[in-house]
Amino acid sequence: MSTLLLAATTFALGCYALASVLVLVRLVRGPRAQDRVFALDLLYFHAMLVVMVMGIRHQSDRYFEAALLIALFGFVSSSAMAKFILRGEVIE
Amino acid sequence: MSTGNLLVDAGVAALLVGSGVLVVASAVGFLRLPGFFRRMHPPALAYTLGTWCVAGAATLHLSVLQGRAALHPLLLPALLALTVPVTTVLLARVSLFRRRQAGIEGTPTASLPRDREQ
Amino acid sequence: MAAGAVSPSLLLLLLLPFLGGLVTAFLPTRARTVLAGVAGLVAAAAAVKVITLFPLVRDGGVIVETFAWVPSLGLDLVLRMDGFAWMFALVVTVIGVLVCLYARYYMSPDDPVARFYAMFLAFMGAMLGVVLSGNLLQMVVFWELTSLVSFLLIGYWHHRVDAQRGARMALVVTGGGGLCLLAGVIVIGQIAGSYELDAVLAAGALVRASPLYPLAMVLVLLGAFTKSAQFPFHFWLPRAMAAPTPVSAYLHSATMVKAGVFLLARLWPVLAGTDLWFWLVGGTGAATLLIGAYAAMFQNDLKRVLAYSTVSHLGLITLLLGLNSPLAAVAAVFHILNHATFKASLFMAAGIVDHETGTRDIGKLNGLIKAMPRTGVLALVATGAMAGVPLLNGFLSKEMFFAETVMLRSQPWVEWTLPLVATVAGIFAVVYSLRFGYDIFFGPPSTDLPRQPEEPPRWMRLPIQFLVLACLVVGVAPEWAVGGVLAAAARPVVGGVLPEYSLAVWHGISPPLLMSLVAIVGGVLGYLWLRRRQERGELLDTPGIGHISGRELFEAGLLAATRAARTFLHVAGTRRLQPQVFAIVAAGFVLALLASRGVPLEWGDRARLPPSQPFVLLWIIGMVCAIGAAAMAKFHRLVAITLMGGVGLVTCLTFAWFSAPDLALTQIVVEVVTTTLFLLGLRWLPMRLEGVGERDALRGRLRRGRDLLLAIAVGGGMAALSYALLTRPAPQSISPFFLSRAYSEGGGTNVVNVMLVDFRALDTLGEITVLGAVALTVFALLRRFRPPAESVAQPLQQRAVAADTGTDLVAPSRDGEPVGYLLVPAVMARLLLPVALVVAAHFFLRGHNEPGGGFVAGLVVAIALLMQSLASGTRWVEMRAQVRPVRWVAFGLLAASTTGLGAVAFGFPFLTSHTAHVTLPVLGALHVPSAAFFDLGVMTVVVGATLLILTALAHQSIRAHRKLAPRAGDEPGET
Amino acid sequence: MSVLRRLVPAPALSLVLFALWLLLARGAAPADLLVAAIVALAVPPLTTRLRLVHAPLKRPATALRFAMRVMVDVVASNIEVGLDVVFFRTRKPDSHFVVVPLELRDPAGLAMLALVTTIVPGTVWSELAVDRSSLLLHVWNVGDEAAFVARYKQRYESPLREIFE
Amino acid sequence: MASLLPGLVIVPLVLPLMAAALLLAIDAGNRRARSLINIAATAGGLAVAAVLLLAVDADGGHGVYLAANWQAPFGIVLVADRLSVLMLVLVGLVGTATALYAEAVWARAGAWFHPLFQMQLLGLNGAFLTGDLFNLFVFFEVLLAASYGLQMHGSGWPRVRSGLHYIAVNLMASALFLVGLAVLYGVTGTLNMADLADKAAAVPDGDRGLLHVGAAILAVAFLIKAAVWPLNAWLVPAYTAASMPVAALFVLMSKVGFYALFRLWTLVFSEAAGPSAHFGGAVLLYGGLCTLAFGTVGLLASIRLERIAAYSVLVSSGTLLAAIGLDAPALSAAALFYVASATIAVATLFLLVELVKRTSIEGGAQRPDIDTAPDEGDNLDDDALPLVGRAFPVSVAMLGLAFVACALMVAGLPPLAGFLGKVALLAAALQPGAGPAAWSLVFLLLLSSLFATTSLARAGIRHFWSKGGRYAPQLRAAEGGAVLFLVAAGVALALFAEPVMRYANDTATALHAPRPYIDAVLGARTVPGPTTPDTAPARPPAPALPTVEPVVVPVAAQEAAGGRP
Amino acid sequence: MEALLAMAIGVLAASGIWLVLRPRTFQVVMGLALLSYAVNLFIFSMGSLVIDKPPIVAAGIPADLEHYTDPMPQALVLTAIVIGFATTALFLVVLLAARGLSGTDHVDGESD
């Protein structure tokens, strides 16, 4: 693993983690439920990025599937919450 | 065990750094901007270009590593494009709904024929 | 000696009554003549059998028959008959015959007597069992049986409250005593090394020398005293008089109550001879003798007089046995016999009086001699025997008793007191005998009786006649009548060597005779005095101890005990969840702490991984989320769920970080489903607003503080434990085996998946069964779901139409097609479905070699379908797709288990996997592991179970809508 | 033809799934192609009833061009909005709601429009009228409202109408 | 017979599993087929268990079954030894009776009774058979998951409320279970119980503390299931609220906790465990005594029959724990006999509760829920009621007899098996040199008998001798048959107590000297495959392709103990 | 890293325990979920923390614990996750049923 890539991945991971922390502040602070839900959606998304960068970092293709699942279903939780806020129930 | 190609490494690194910067920028915006609808804009940076950079980096990296075209990381932005709107559309609607419910004046609305009839 | 004889004679004797009881139970229930006939014949046969055995035991012979039952417990059926047992068997059977006859006339034609006779015979069998026991444990068996059957017999007229109470009291007291006896017997058995009576009798010295002797003795005595109604356990006997009179005549005079003294006599050679024995047994006997006799004087109920008198006589026998003198023991045996004869006849006489007049109240009964002269005479003779009138059998044994009290050598005050006690008791006996005999048969005939008395049928009198005759014969010619029997019976009691004694009516003028005279004269005087007082309306209750009723004490004690038990349960148990959970957590913590204390814990010395900043940040997020969720779960449920999602995400990333791709995949899909589940549930939970109805009392704050402390302690403990384990070098694990065999023999490179479908396939099979069971349970529960009142209405959001002017919320789907805000999500979700299915197929097919597998694939399918419901509504989905989740579960379970069974068909163990290797043109070699079919089963179950749970929950909303439908019209008007 | 039609009810979808499988399988060996074909043929019929059934794409070329345009827009908007976000204090973008009248009615087309609107930074799809006649957007930096609406309709709505209607 | 043994071991698992799957697949309308399958599968399980028992007893060995054909410490192993087979027979007995009983009414009271019933049996059988710690967890979960459904079968607030508590408590227990077993794995590196016994003895001193912590946490999980005081408050509400056939089945569940403790403690902390020998025995002993005391007091406080039965469960649990806590083979043997008699007795009582209640109009509700103080008025001449008896209808008489038999068993009164169990325990506890703990056990045992007698007599009087009118209860053949079946089992247990006692003795001896068990498990050989597996294929199985080059896994460690050739 | 993960497990467990001890059903179910995270991570941590050595055997790499992480805890966690998911779902439904029957969301059905 080249030092360059190592540094870059570390930087990217750090950025994502930092961004997640910022988003977490929004999640905890709110002020409205939609902010929080959106924050959760972003957390999922950041998780996906983290997983992908870890794939690059470890030269491995195995992390792709996890990222795929998050990309595919990360929105389900947050959209279910959004619907809940909107309708008071998730599935009608 | 790098790709062995410095140029490729540099490209991957650049893409990664770019995505990192974009993601942080979007998070900063999401945290600091006033108003929910304003806050909804910055994450799009991360959802689009931020992801594309990472996907590009992964594709590049893997393709060089395996010595063949590994395009599957590009699936992720595609899937994201399909799924992200679901949440944002719903959340925007939530925000409007709640503003109306709270009786906040000046909540805009897509003009609706049925309302005009009433 | 006929020891070890195989002749089944004793067994037959024992079984006879039981079999007879069984037969009678099946006879017509009110055929009293037939029933009495059968029962009587059975009893008579038994009696004859007993009598024929006399020659064998007359000279100290012992018949023993052994049948193995549970030799390893030392519990065998040992039937052993010596002279003493023979005498008892005789009493039991002969009086049994008489009572059978008597009961035929006593019981009403409407009585369901089959039950009576069945139990009666069963009792006879049990009693025979007690007396014939050659094994102490076996004796306990029959002992408790007699308690049980007597419970049923006393409660024969079970609709009467007094019968119920009396029966229960008898059962509890005698049954409890029986349990003590059991313990005592086991202690004795442990000392003596055997429960065999012969062995125990031979080990008397050993037993008495043992440190456990006092304990064993006390336990045995408790058993004997309760059974024989000794003070202070005597109170049950008068209450047992609620039984039909034949029962009283049989159980409460002749047989069952004698079991206690029988036991004392039986173990006399083993336990007697110590001071402790003297004080305990003698003291109890004396007290009982006096108290029983005293109480008997003041009773107004015929049967109660007899009951207290029985108590008194049993006390007398106990006292005799407690005197540690062989001669006294002989007297005791003699009195057992005598008492049985006269008391049984008296009970029967009392029964006749009751039967003929309709009352047993001495105050009401007068001058019956005119109406029923023959019965009267018989009763009077028997009363005389009870009082100790010369020329009747009671006199003889009582004289022997007086003699013993006089001859006793002990401390001076005892030597002086005991004769006095005996004399006083004698006086009392005469008094109550007179009350019984004189009061009811003489004087002016009563006029206010419920029924006009007349002589009972002749056959009803016959048993009394027989017994009274026996009293007379024994009284007049004792040596001739019972000399042999007594000798045979007393010999084993005193240990084989009979003391010198003479059975004669006249022994010359001696202290005992004087005492008898004093008793009789004093008794007559006392009676007259008492009578005069009672005519004046005084002394109707027992003076002195009248208000101390053992029965009341017992009942109140039981009540208090029950109440105390409830209080205890209230304190030591709980019906609330929080204390239970607290106890569990605290127990786990404390026990773990204690366990670690013995061998102090220390950190390991394995090389640590260097910390990585992103990961640290990640877990800062995770911890904040966890703590936030804990803090928010009460008032901001949605926030808590969101934060929980954050925790799940971080967990998932941790799995991904530390080389567990399978776990990361599983965690992420499970996370999604769980969140949706929580949201589905949130619909039915009440709004909870901060500060509303909060009573922040000090107690609540204290409890929260306590909980917080425990939570922190446990968290710290878990952290320490995990750190201790994380820093240790890995142990000699079994894992290398899996790594090396996964591909070569399991056919897959993903070791985790190979473990799931091959190495540990049984776990997976269980796991999907759990899923199935949970899904079924959820379905069954929700079918009966009744939403809470305030949640039935549509959620606030759906009602708030007016405020949301530009709304598309009212009917987000039109004809099943979503419109408005749901339009875009629905289209997207539908586009995602085929994609998700392909992804699921991908995960399923690669599972064996790469992260994935049936579980993840199943959840992917389930989420994709769930997404459709979310965006388009359940009805839309169900209109279009026939999803029958239960079928999926069934299919999955069948597929998984048939795959497992497939191996069995080929002679391999269940779930053995096999890979088929096929070579196809173009495609090359194909490897089809059987585990794939197993995994298919897993996937199907997962899809079915998840959908079953989710749709069952989602359907509740539809139901709510349906319920609201009729009222939908006026909904807008409200808002 | 009809046999083929029944076998491949949604050719575009099948094609996408075929490609998806190959991407996921990361290979194009004969075995992969076979499985990809099976998947591509089997999944659409399985999901017919749970899908929007609409006419096949009319103009693939337009669609491709449209996609390229969107990508370019995305990059451009990214830079613009990114700068606005970072220098929010000074740049003070003119953010507010804009109502856009719509001619596009096809659900899939609308969904595509939403997709595009969402992924292009600077516009947030906020509300669609029940009769699909107008659309409420939240725009990051409007400037001239009429111009924005015209540009939006021209750049995104009309190509989509071409493709889907 | 002996050759049958290994193959038969799996049947108690496969049978209920297949039955459950079939029951799920059958149309809900086809009631008759469901009943038939359910009863047939359960009775079949009993038959298999009986054959297993005879087989195990005959060759005195251990039926070791290597599931999925993997060598013992690696794969999951099922072990049918005397103890587990005894429990299997109990499951079969009680299961058959309840299956029969439930057919009359309860099976129709809610959805999916039958499959849940079979799953419960699967969980029970699995828990008794498995020789693997994690597999034990899985089967615990199976039986619990099914029991949640069964407990709330029929729904209603009392059931759901107690069910909620029951589930919460058991989820906590499961968490503890997992933590405990994880620690044990972390310390010893194995999950196989036999292997664990070997490894635990050889644990380095520095790790012994951890081993003990793991064992303690695991023990708490088992103690919760065994309903030790003070972790047992869930039991009485849950059992009394459940429908009675379910409660009868649940009697087995508290035995699972006992079984697990017994099995693991004798195995891992035997004499051979060096410094860890007899670890934690005091907790078992005193916990058991507390439980016994609690249950005993509860017996006295109980008026309603189902509560009496539930507290009897606690009494038996406490007795068993205290007995194994004293750690003497004789007591263990007695405990094993006792477990058989107590299980049958209490299960019978639960089955009887409902039938008995049918005899009185409102279950004696006209009386207050606690004994009334003696009223002065009731003298012997209770003129209001004639001295003429009332006949019992035949059904009541039968019920009454069954009740008496059952009460004798529960209270441990002679001559039925309950008494023998109690005598065995007392005799074993009162060995010379018995300490205060043993004496407390003796005292509490006797006290519990007395209180059980008191309460059962009280309940019997209330129901059978009630003052008011009485209905001849409707007894369905299935219900009566089920009760009679269990009573007959109890009587048979008393009659053939000697062979059972001998069996229990052998079992206890074997448990206290676990070496043969360990050797049998670890020495079991796999079935050789028909063909040598393709160890180095040209490429991994199609169609999934690993990203790396074609895999060649080095076939290392072929020599590792007896793998498949 | 080890210390961090241990701390994380501790915090999750503590939060879970705190919630489980609360009187509202929803709190309890959240607590159980948190607790199951903690337990899963705990089991997982038995395999010791290894980066980039997933237990997926590949050619040419010796199949031992030096080169792969311990697959056993992972298999256990996988099963535990599934079972935890199932029981959480069940508990949720039961608490809904309890709420429906009693009208409150108190664990004992007491009205506040």
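For the reader, a short list of remarks on this structure follows.
Just so it is clear, A, B, C, D, E and F label the chains in written order, and each chain counts residues from 1 on its own.
One rule holds in what follows: a contact is a pair of C-beta atoms (placed from the backbone, for glycine too) under 8 Å apart; a residue touches a chain by one contact, two chains touch by 3 or more.
A quick note: this is a predicted structure, and the numbers were derived from the prediction, not measured.
Each step here moves to a touching chain, and the least such steps from chain D to chain F number 2. Counted as hops between touching chains, the shortest connection from chain A to chain F is 1.
Here the two chains linked by the largest count of contacting C-beta pairs are C-E.
Chain centre most remote from that of chain A: C (centre = mean of CA atoms). For the pair chain E and chain F, the distance between C-alpha centroids works out to 28 Å.
Chain centres here are Cα means. That of chain C falls 17 Å from that of chain E. With centres taken as mean Cα positions, chain E sits 47 Å from chain A.
For this pair, chain B with chain E, the centres built from the Cα atoms lie 56 Å apart.
Touching of two or more other chains is recorded for residues 134, 138, 141, 145, 148, 152, 155, 160, 164-165, 168, 172, 179, 183, 186, 191, 542-544, 546-547, 551, 553-554, 556-557 of chain E. For chain D, the set of residues that touch two or more other chains comprises 20, 24-26, 31, 34-35, 111, 114-115, 125, 127-130. In chain C, the residues touching two or more other chains are 575, 577, 581, 585, 612, 615, 641, 657, 661, 682, 718, 721, 725, 730, 733-736, 738, 740, 742-743, 749, 759-760, 763, 767, 770, 774, 777, 781, 784, 797, 806, 809, 821, 824-825, 828, 831-832, 835, 839, 845, 849-851, 923-924, 926, 953.
Residues of chain B that touch chain C in their complex: 79, 82-83, 85-86, 89-90, 93, 96-97, 100-101, 103, 109-112, 115.
On chain F, the positions that touch chain C within their shared complex are 1-31, 33-34, 37-38, 40-42, 44-58, 63-65, 68-72, 74-75, 77-79, 81-83, 85-90, 92-97, 99-101, 103-105, 107-108, 112. Remark: chain C residues 806, 808, 819-821, 823-824, 826-828, 830-831, 833-835, 837-839, 841-842, 845, 868, 877, 880-881, 922-924, 926 touch chain D in the complex. Considering their complex, residues 58, 60, 62 of chain A touch chain F. Of all residues in chain C, those touching chain A in their complex are 612-615, 617-618, 620-621, 624-625, 628, 638-639, 641-643, 645-646, 649, 652-653, 656-657, 661, 664-665, 668-669, 671-672, 675-676, 679-680, 682-683, 794-798, 809, 812-813, 821, 825, 832, 835-836, 839, 843, 850-852, 856, 860, 863, 866-867, 869-870, 873-874, 950, 953-954, 957-958, 961.
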